[in-house]
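What follows is a pair of complexes built around chain A, which joins chain B in one and chain C in the other.
Right after this comes the complex of A and B.
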């Protein structure tokens, strides 16, 4: 029932995004402090690199690129869901406190639960998810009203409050911790994509592989929720159940991403918005575009932050915020 | 009777809006609910279609208590067109109508051959097939209302509820929508239940009218029995002159005034005031 021309346009946008991601990845591989020439990239990728080249590409750069892409995609999907649920373009897992909840749990876990170093990373997404879920449930309960049901705008305001409160709690946690651990937490807070080898890819991948298809599968429900509660109920949707399911999916996506990359906001805000302005508001069309845009944005931010401002580099989270904050202000003025 | 309520009580917080309501909706007929603002008409409609919860009482659809229905199952039997819809911006007419198939779909959301047939039929019956690919936002109010009705039709329910389907439409478009519904009732044997404000339209299109005031039924029956000076005085506090519609032969409210009772109060107030002034 969608104009075939629009579907064609979406395919074209997706293809363009794939190419852009590919080019950005190559740039990421090439522009670096240990200089690799462009000519070497193809041979290395086909297994003809020297030991040093292989190490740089396969053990350092490639896993980082993949983690960045996956995390960006997860954050974009989480942001899309939250924006649909709240019917508000300003919703983002970072802004409404879900990231802070995850961060608080990660910090707590890191400081007080000694787990073997090897297994630690696989528990991280779980700890982050628990923290984020508890936060999300609290935010949901506070924004729930017996007579009027679930109130979207209240959810955002309460979320912002939670986010601030949790950041405060983080500072309390940090101030009582020892110095080496503080360094980790502060890097986490800045969103400094700290988990950068293949084991981290393995830690985040199952979450993404399960949750992203689930989001796309929910496109129709999201479309119908957008028509308003009365219409959705009339069409036989169990709204409360659907909202809670979607909220859990969004929380799990955001938590799994930020547990590895650190607190990154604004991707979940910008990616869905860019996608909607490119292809419209139908979830089945804009979700894939938003997800790819999110992955690309974070990769771009990390590429710029890490390589242009070498050797120290700027954390991807901060790079994203440099672009994202003005975008956020622009959205507020437009709304 | 396709639908009955037994001692239905509905409240917003502590405020009881509908009290011990007992209504019977006849099958394959057009039932129209009239009543003053705040009389609980819309509340009742929304409660029966489970948008609003109820405090006590029973709602029986086809002999079954609706609280026993799964919400998707109920959506296959009863569709509702709410009074004001969100602006479905960015959606095409065909897409919106296709959402009417939601209760029948697996969660994957693929439309079957039968789904497409029903959607095309709903588009055709409502005359919206000509702008299947157009965006909802580009349509006029009347066209848009027809699209929403098409969506409700695509739900393939025996009963269709509509909450003031003619609001914001001009006279010609109002009639167009009502005639469409009338046709559906007569040709497709659908049970139509709607809230209307225009008494003459209610008298013209209803087989059965329910007149409500303060959450209670004042009178229910054929238009001839309900559209009377007596009933209208009770529910709207108006003095109505009832005649016969020269086109349809149905009762019609030719003109009306605010009832004496209200006027008298005003006069008393005024005389109190003049007395007070002269005494001074």
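Right after this comes the complex of A and C.
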């Protein structure tokens, strides 16, 4: 049984997060350097805007906000799973090489598989998923040891190695491509949220709608796995199967997010950690909090990056790294 | 020092390495986008004859090959020092934040002084490498319980990510992405005699320091207590070694950009043949680093000729298997 007081606390935190996200979204709508004034936002949202106002809000800013939120949520969920699986707070899809696997596949797909422009974006998450899955499997295999099972810390380290090598592979790909395509890939690498209209929302939404509930449903498995292999076996769990299932879910979440937003690390690291420190380590409690925190963090990073360094803007991925890396270092030193 | 009969004696290894170096150098000059004959290669190397092909060799390929020799030697020696000093088998200038730091300061310099000369960029690399290394080692030192080798690598990875992110932000903001990328991923493209005149003395200075301190490094690599027990001034030695690492890496990065894994794998390779005494490991690492860099650069020029495949990327790819082997072999470190 979970203490009712804690459940109440969780509800309160979730409510606060919802409000924070709402406020941040409004801020994002308002402070972007455009001609819209604050007073107009509410009427426009209720359908009383002019054509131009509607266009700016509904076709440009709103889809971007939604994509950012969804991607942040997916990354946070992926990070939570990876942290439970590896029993290590330092796991993050960006750090352990899943992102670069996805990135490599996206670049490959973009350069060598000409698909119709309209359908392209729907294939993108799939390509990213394939690349990320292959990378994850390789990392898993290399960190698996017959005698000791698989060692979490080695998994992270091997991930760092893969991520470095794959960035190299990416450079090879880029160097043989033509200039306009290179532009796209380097924007992608920087984590510039580039897919910003409703079709991208549609491309990523099915993944999120299927996978996020699945993660929440798996909360108990995650709890048990986090306790250790002996406990899990004792409770009759097929560890290997469950680990692989969860790994696939995490990879799919991270890849779908990253395919639309570009290489973004550290969200999957920070969000679960913040959530755990707010409400404790039980997955049922912290997962929803982590997911919302992830969405909010990425939205915040994008809002700051887009507006403070206007007009070019700083890619959200860069903003997140600038905030996230010191956080990571802090985590290593206190761990 | 214990004699180990299994290991081939040092002088043999040295001769073999020198031979390989000569062959690689010749190959690097002989092959490339423009076809030349063996005779012309020889003429170019002996500076006799002055037809167009020979000029190409003398002005483009030979300086580039020489640069490869020095850069490879510098990075391998820096890696060897770092591994000995930190007793961390995974130490590498690229993984420990030095290259990322150098990168950031190159970007800053290019943003503030767009017309900076070569010497300025080298200085910027030095400062950046020192700051990157300082951050990583500082974080490691901050933790009182001591850091496992693995955690330093993670800290290095985080610091690098951070520094690269700032670099990207600066390059986008000041619209110097292209220049910065030319530096960081450019490899040895366009290295000429004028740059060599600056770089070679610096690297020779660094290498000489590395060779001179090799004995102390061996003792340090065993155990700090032993070093103190043997009357070494550990702190002073460490500072000197640190400076040498900065000099070697800074100079190498200024020439070639972000190379990872080279400083990691070469000393490992050498140690499997030559043992753990750095008086032997150091010169052999430098030589092997040179050979490796020459061949990697040759590959980068010929793989997709006449276009260049960045050598930075080739080495990153070649390095991964090594990295995996080392991580898997050294289980006791985790």
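The working rule: the second predicted complex is superposed on the first by the 335 of 335 C-alpha atoms of A that agree within 3 Å, B and C clash if a C-alpha of one lies under 4 Å from a C-alpha of the other, contacts with A are read in each partner's own complex, and residues count from 1 in each chain.
Just so we're on the same page, a residue touches a chain if its C-beta (ideal position, glycine included) is under 8 Å from a C-beta of that chain, and two chains touch if they have at least 3 such contacts.
Note that the structure is predicted; figures quoted are calculated from it, not measured.
Asker: Decide which partner touches more residues of chain A, taking chain B and chain C as the two options.
Answerer: Of chain B and chain C, more residues of chain A lie in contact with C.
Asker: Should A:165 be classified as contacting the first partner (chain B), the second (chain C), both, or neither?
Answerer: In the superposition, A:165 touches chain C alone.
Asker: Taking the superposition as given, does A:221 touch the first partner, chain B, the second, chain C, both, or neither?
Answerer: In the superposed model, A:221 contacts chain B only, not chain C.
Asker: Is A:3 in contact with chain B, with chain C, with both, or with neither (first, second, both, neither)?
Answerer: first
Asker: Kindly classify A:332 by the partners it touches after superposition: chain B alone (first), chain C alone (second), both, or neither?
Answerer: Only chain C; A:332 stays clear of chain B.
Asker: Which partner does A:186 contact after superposing on A: first (chain B), second (chain C), both, neither?
Answerer: In the superposition, A:186 touches chain C alone.
Asker: Applying the touch criterion given at the start, work out whether A:237 contacts chain B, chain C, both or neither, answering first, second, both or neither.
Answerer: In the superposition, A:237 contacts chain B only.
Asker: Would you sort A:281 into first (chain B), second (chain C), both or neither based on which partner it touches?
Answerer: A:281 sits against chain B, while chain C stays out of touch.
Asker: For A:246, is the partner it touches chain B (first), chain C (second), both, or none of the two (neither)?
Answerer: Touch partners of A:246: none, neither chain B nor chain C.
Asker: What part of chain A is in contact with chain C in the complex they form?
Answerer: Touch residues, chain A against chain C: 90, 95, 142, 145, 151, 153-154, 156-158, 160-162, 164-165, 167-172, 175-176, 186, 190, 265-266, 309, 312, 314-315, 317-318, 321-322, 325-326, 328-329, 332-333.
Asker: If we count contacts the way the header does, which residues on chain A are in touch with chain B in the complex?
Answerer: The touching residues are 1-3, 147, 217-221, 223-224, 226-231, 233-238, 280-282, 284.
Asker: For chain C, which residues are in contact with chain A within the complex?
Answerer: 90, 94-95, 139, 142-143, 150-151, 153-155, 157-159, 161-162, 164-166, 168-169, 172-173, 175, 177, 185, 260-261, 304, 307-310, 312-317, 319-320, 323-324, 327-328, 331, 334
Asker: In the complex, go through chain B and note every residue touching chain A.
Answerer: Checking each residue of chain B against chain A gives 12-13, 46, 49-51, 71-76, 79-82, 85-86, 88-92, 94-100, 102-103, 105, 107-109, 119, 132-133, 152, 155.
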